[in-house]
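Chains: A, B, C and D, in written order; residue numbering restarts at 1 for each.
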Amino acid sequence: MTGTTGTSGTDRACERFRSVRSRTEALAAPLGPEDQVVQSMPDCSPTKWHRAHTTWFFEEFVLGPHAGAAPYDPAFRFLFNSYYEAVGPRQPRPRRGMITRPTVDEVAAYRRAVDEGVEALLDKGDPPPEVVDLVELGCHHEEQHQELLLMDAKHLLAQNPLRPAYAAPADAPEGAVAAGDAGAAPVDWVKHPGGIVEVGHGGEGFAYDNEGPRHETLLQPFSLADRLVTEGEWAAFVDDGGYHRPDLWLSDGWYAVQDGGWEAPLYWERADTGPSGWSVFTLGGLRPLSPSAPVRHISYYEADAFARWAGCRLPTEHEWEAVSPDRSAGAGAAWEWTGSAYLPYPGFRPAAGAVGEYNGKFMSGQHVLRGASCATPPGHSRPTYRNFFPPGARWAFSGLRLAS
Amino acid sequence: MTGTTGTSGTDRACERFRSVRSRTEALAAPLGPEDQVVQSMPDCSPTKWHRAHTTWFFEEFVLGPHAGAAPYDPAFRFLFNSYYEAVGPRQPRPRRGMITRPTVDEVAAYRRAVDEGVEALLDKGDPPPEVVDLVELGCHHEEQHQELLLMDAKHLLAQNPLRPAYAAPADAPEGAVAAGDAGAAPVDWVKHPGGIVEVGHGGEGFAYDNEGPRHETLLQPFSLADRLVTEGEWAAFVDDGGYHRPDLWLSDGWYAVQDGGWEAPLYWERADTGPSGWSVFTLGGLRPLSPSAPVRHISYYEADAFARWAGCRLPTEHEWEAVSPDRSAGAGAAWEWTGSAYLPYPGFRPAAGAVGEYNGKFMSGQHVLRGASCATPPGHSRPTYRNFFPPGARWAFSGLRLAS
Amino acid sequence: MTGTTGTSGTDRACERFRSVRSRTEALAAPLGPEDQVVQSMPDCSPTKWHRAHTTWFFEEFVLGPHAGAAPYDPAFRFLFNSYYEAVGPRQPRPRRGMITRPTVDEVAAYRRAVDEGVEALLDKGDPPPEVVDLVELGCHHEEQHQELLLMDAKHLLAQNPLRPAYAAPADAPEGAVAAGDAGAAPVDWVKHPGGIVEVGHGGEGFAYDNEGPRHETLLQPFSLADRLVTEGEWAAFVDDGGYHRPDLWLSDGWYAVQDGGWEAPLYWERADTGPSGWSVFTLGGLRPLSPSAPVRHISYYEADAFARWAGCRLPTEHEWEAVSPDRSAGAGAAWEWTGSAYLPYPGFRPAAGAVGEYNGKFMSGQHVLRGASCATPPGHSRPTYRNFFPPGARWAFSGLRLAS
Amino acid sequence: MTGTTGTSGTDRACERFRSVRSRTEALAAPLGPEDQVVQSMPDCSPTKWHRAHTTWFFEEFVLGPHAGAAPYDPAFRFLFNSYYEAVGPRQPRPRRGMITRPTVDEVAAYRRAVDEGVEALLDKGDPPPEVVDLVELGCHHEEQHQELLLMDAKHLLAQNPLRPAYAAPADAPEGAVAAGDAGAAPVDWVKHPGGIVEVGHGGEGFAYDNEGPRHETLLQPFSLADRLVTEGEWAAFVDDGGYHRPDLWLSDGWYAVQDGGWEAPLYWERADTGPSGWSVFTLGGLRPLSPSAPVRHISYYEADAFARWAGCRLPTEHEWEAVSPDRSAGAGAAWEWTGSAYLPYPGFRPAAGAVGEYNGKFMSGQHVLRGASCATPPGHSRPTYRNFFPPGARWAFSGLRLAS
């Protein structure tokens, strides 16, 4: 949350706000009221909750303190707070799916009311910079929830034996499969000489607090693959007994394999037909395995085991940042697990107040992912961006790139 | 499921079918799509599921075998089977709430299609008696689900911190509270001399298989209270430390008290205002404790502990049946826990085929409740009717009547 | 615990006390300190705990109130109370195995000290009848724990991959296997005409409170097998897919089969050698399946499913009592599951004070077993004796006899 | 496990072997057979198991491959393997406490037999260097288990309401409390200028594989406290509501506080007497809080929250190593949590074969601790030593030192 919109101007802020807010509504549109209210596991949230919580964020941190607005509904403060202890008690996370009311329509009305409030505040000529910054933070926050909305909707639809699609294959985030896919070209390795490099966010433009301070770090020489691991390569790992060889796995990972009965990435299903023997569930429905598509929905444990099987390793987050793979070259299809634990940078200070809970308090037990995924809003990510998930999580659009 | 509709005639069967089916739709009407899809605990089912499952019952047992009808949707056989092993695999009970599609509207269309099929079959002049009997069974089955629909909707709404009402108090099954309620009149005791009595269903008219065979049993002399225990009496039990005295409780019951943190019946909440200090959540919303209202939503363990506290005991199911309390005298407000385990009668034989799984396979670990509740469809129950729940269940409309 | 030893005389009481107490020590003797301290599951208790708890019973109910004795060690009141809420808080049952001290030797010393106290009290010429009665109750209590000690030791030893034996086969409670066992003779059926019979304990001699009051009950005509179901017959049930056919099982039983991965009775193991393909673990170690031996270590669910498979049913406890199978004819090899829930008899009143917790508070969720087992102390059981376990319990020496 | 004993000579190896082996036996001596067999939680192992497993290590990795010895008992390979997948299946960790046989005496005999075998091998004039290295590794392995033995024994004794002591206070690892303890002197800060430093093991002498390769890293300037946080300081944290302020805690830590009901470090108990209001359980029994003693038995979450409360932070493992606090100045009383996740060093390669599972496969989800504790064998640790535990673990002798 460091950074400021600087001279960006109110108009641009307002336009950006409107654009982000309407993108959320567009993402929710293919989902009916039934789809929007169910919570498929404690880590997931209903679509309706995402729509309301992102709205609550603007109400709590912008309209309340800076517009003196009375709450839209006092109960929403409890219902739609996510994890801000400083704000007060809240609906327990695993029970977000119990809240069938307010209805989807009532949440839409809530969104419109808060939109009007924020727009009025921004239109009031020269809003204070902290308001502009908080609106900017709220927009980035909402963009994160846009990706979560897709992750969670995919997880929910996958629980249904009918395997319903969220969108037509061509319109789904994962995209349609190319016909006659013969697999990806061999990996080229980008070499880096090591040495002292600067990492972390330090310049203009928005960044989260966890991306700073910018600081020097010392790298050993290394090489980084020029593309992500593919579904075809992953199928070879499966065929080689990858999920049945404890020597390839971290101890906790091997336990996760046993406990979860893992045999393949999440959303892979054995298929009777097709050359690969696998179907992959996407937001566009079930499709055959696509040899050249980047593999998605793997845990850190799986990424680590695959890398060991391939005689490689995962890059550290700073190796990744030093190379900053070019998004035009296929990066951005899946978040990339790194070998780095999610920990504070030297000199890290969380933002003051409740928004200080945004990132810092999650700095244990997780690993950093870099890049972006097919479900990440365009422009949302940065080379210094630090995404993070627990090592066993699989419902994110997560893949891997090899290092050595 | 023994019994037959005898000479009842097709017209009456068809009228009854229509009436039962439309009553389900009327009960679901106050609930929006969001309310109809969420499952609040593994014992509960979504409203939408109840609407679909009762329809599946007619399709599976009537239309399939007797009208040669192709399935409306082959997937529904899996999605909406409840527990019939003989029919095949099914959506696991605790995951009924994951099925956001088919939507509520699609389920309504499914109902209409099956209605047309059944009505056509019944209209076809002289349908075979087994069809008439199966339709009758399906109607009774659906009436049971009407009560479950209300139980489950109440449980779901109670999870919402907003405590939304299903209906206006006067229209809710529990009814509105009388102003100035001074509590119930003292109990009168109905004395029974004991001796050999006949119990169980044996005559004309519909009954479930578990109500027979009719047989003789030997009773000791006993007395039965002429009314149910009230909320006011229960509050006295609470005030006397009833939930904190292990000597009053069965061992399993005491464990349930500790484990569940029970301090009062389900749906009772401490209230800052009002003479009783309690609010009670009903399908009409939160209302103050009503001293003369029959207590509801207690487990067998609680009923047993209350009876011990009162120096009485619970009646056995056959004591209850020998007296058959008059519904006009307040019976029918809540199912009445009996001290009898739910076990087969001497000579019990379940019906042949899949419908034989209806009752018999649940004959362990449960207690019999007699009577009917405010949520039971009118005319659904009988003096020989055996309802049953596990001893820790509280979400049914269950109360108690004392014996000694 | 009703009944009194009447004019039995102090000498006999003292002799009986000594005999029971020394039998416990003899049963513990084959077990080393390591074997005596470990708790293999929450339902089981360490041998050392049984030895101490039975001693505590005499101290708490006899020496404390009737000899004015100071406690041997005040901490033991907490450590060795089992479930008597009226006595006070206690070591949680699932954590009895955490108590490595007092040591086995210290518990032996505790036993000797309490023995001396009780014997001194009995020797004091004309002890009050309530003392004599309580000592008698304590002896029966200890005999129950003698059987539990063997059940629990067997369960513990079975957890060890080495499958160590408690005793030589010929000395083990289950006895050695006859060579060339060709299976049991066909069942003969004992017919009973039904009618009003008297059941329950009413006469002279000791009985637990749950065996009374004696009262009349009405039976339908029935037949009872003249012997228990055998291991050979059970193997036929297994071979016929008994554990894979849901139509044979109660719903809760079928869940237990799935959840527990049951494929055979507890302590049966697939064996590579031998005609039956099964080994059976006994206190005498692993032995081949013995076709004529009564099957043991089955749950109520399994007994019920077997009976259904055999076209029969389980007897009720009063049918069993009306016939009272002759112990000389093979009865007494295993407790016999009945179809009766464990509930109070009409007019049941638990004993006053803490010993009233002995039986009554367990009257929910269990089934009655009748007879006795190979691990029951000689003379301990009676035709009116009501043993009870939850329907899923398998570690008791439990078998079945068919009725129809 | 890199490194070699070099020219150390067989005599010295044999002497070292004997000394380590007999120290284990001395540590076990105060524990009776009952104490040695019980497992108090899945993370702990029985004393007997530690004694047997360390012996198995020598048998499996030294005697088997290098002396061609037949196994002492083939079953021990299963019973006493800890986590070496490459060796084969093993007794599940949470069930190590079920193995009451072999008895404590039989394990002692096993130890003697393997001791003879190893000594014979070492005595045979010029044993191959890999044997000497493996014996050295086995000695270090056994020293780790000596500390675990004390950790696990302490945890077990603490479950006993009698709170029995392992040894007299003066002989217990934590030592006796000084009378009139007025608390520790104020902290002095050791300043470090930052810059490139070398870390990791690289020279002569034994080290585990996870301590290398030695490599350069870049530090920012920092300060490190010259002593550990004390019990007195921790009591101030508790008094200031430290366990009730979510703003001080990582999110996972706050969950652990709620879930575990944490109010103080493990083994602290509220005491009615004494100025501090706390008793602390040690291997010497319960003693009053000692203001100047280093706090022990805290989780990473607690260390992190305390540091935040104190306006400081935890050091990284390489900051710690760059300063290498002097053991004579109080270091070595407790392992010191660092802010570093336990991850491989650049270029890390685990040892070949089964011993490669020693360290590497645990490199996820844990934090590094540096230093040594009062329970660490003298000479066992090094400045490059990397101990590790999950962030919620509290049963280790773990404390903290502040950085800023």
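Rule of thumb we're sticking to: contacts are C-beta pairs under 8 Å (C-beta built on N, C-alpha and C of every residue); 3 or more make two chains touch, one makes a residue touch a chain.
Since we're looking at a predicted model, the values are computed, not measured.
Common neighbours of subunit A and subunit B: there are none.
On a Cα centroid basis, the chain most remote from subunit B in this structure is D. The centroid of the Cα atoms in subunit B and the matching centroid in subunit D are 58 Å apart. Averaged Cα coordinates give subunit C a centre that lies 45 Å from the centre of subunit D. Note: centroid distance subunit B to subunit C, computed from Cα atoms, is 37 Å.
Counting partner chains per residue, subunit C shows two or more touched chains at no residue at all. Shown here, the protein chains touch around one cycle, each chain meeting exactly two partners. Every residue of subunit B that touches subunit C in the complex is listed here, in rising order: 83, 85-86, 196, 215-218, 220, 246-247, 249-254, 300-301, 304, 339-341, 343-344, 346-347, 361-365, 391.
If you check the complex, the residues on subunit C that touch subunit D are 32-38, 40, 48, 75, 78-79, 91, 95, 97-101, 103-104, 156-157, 159-162, 164.
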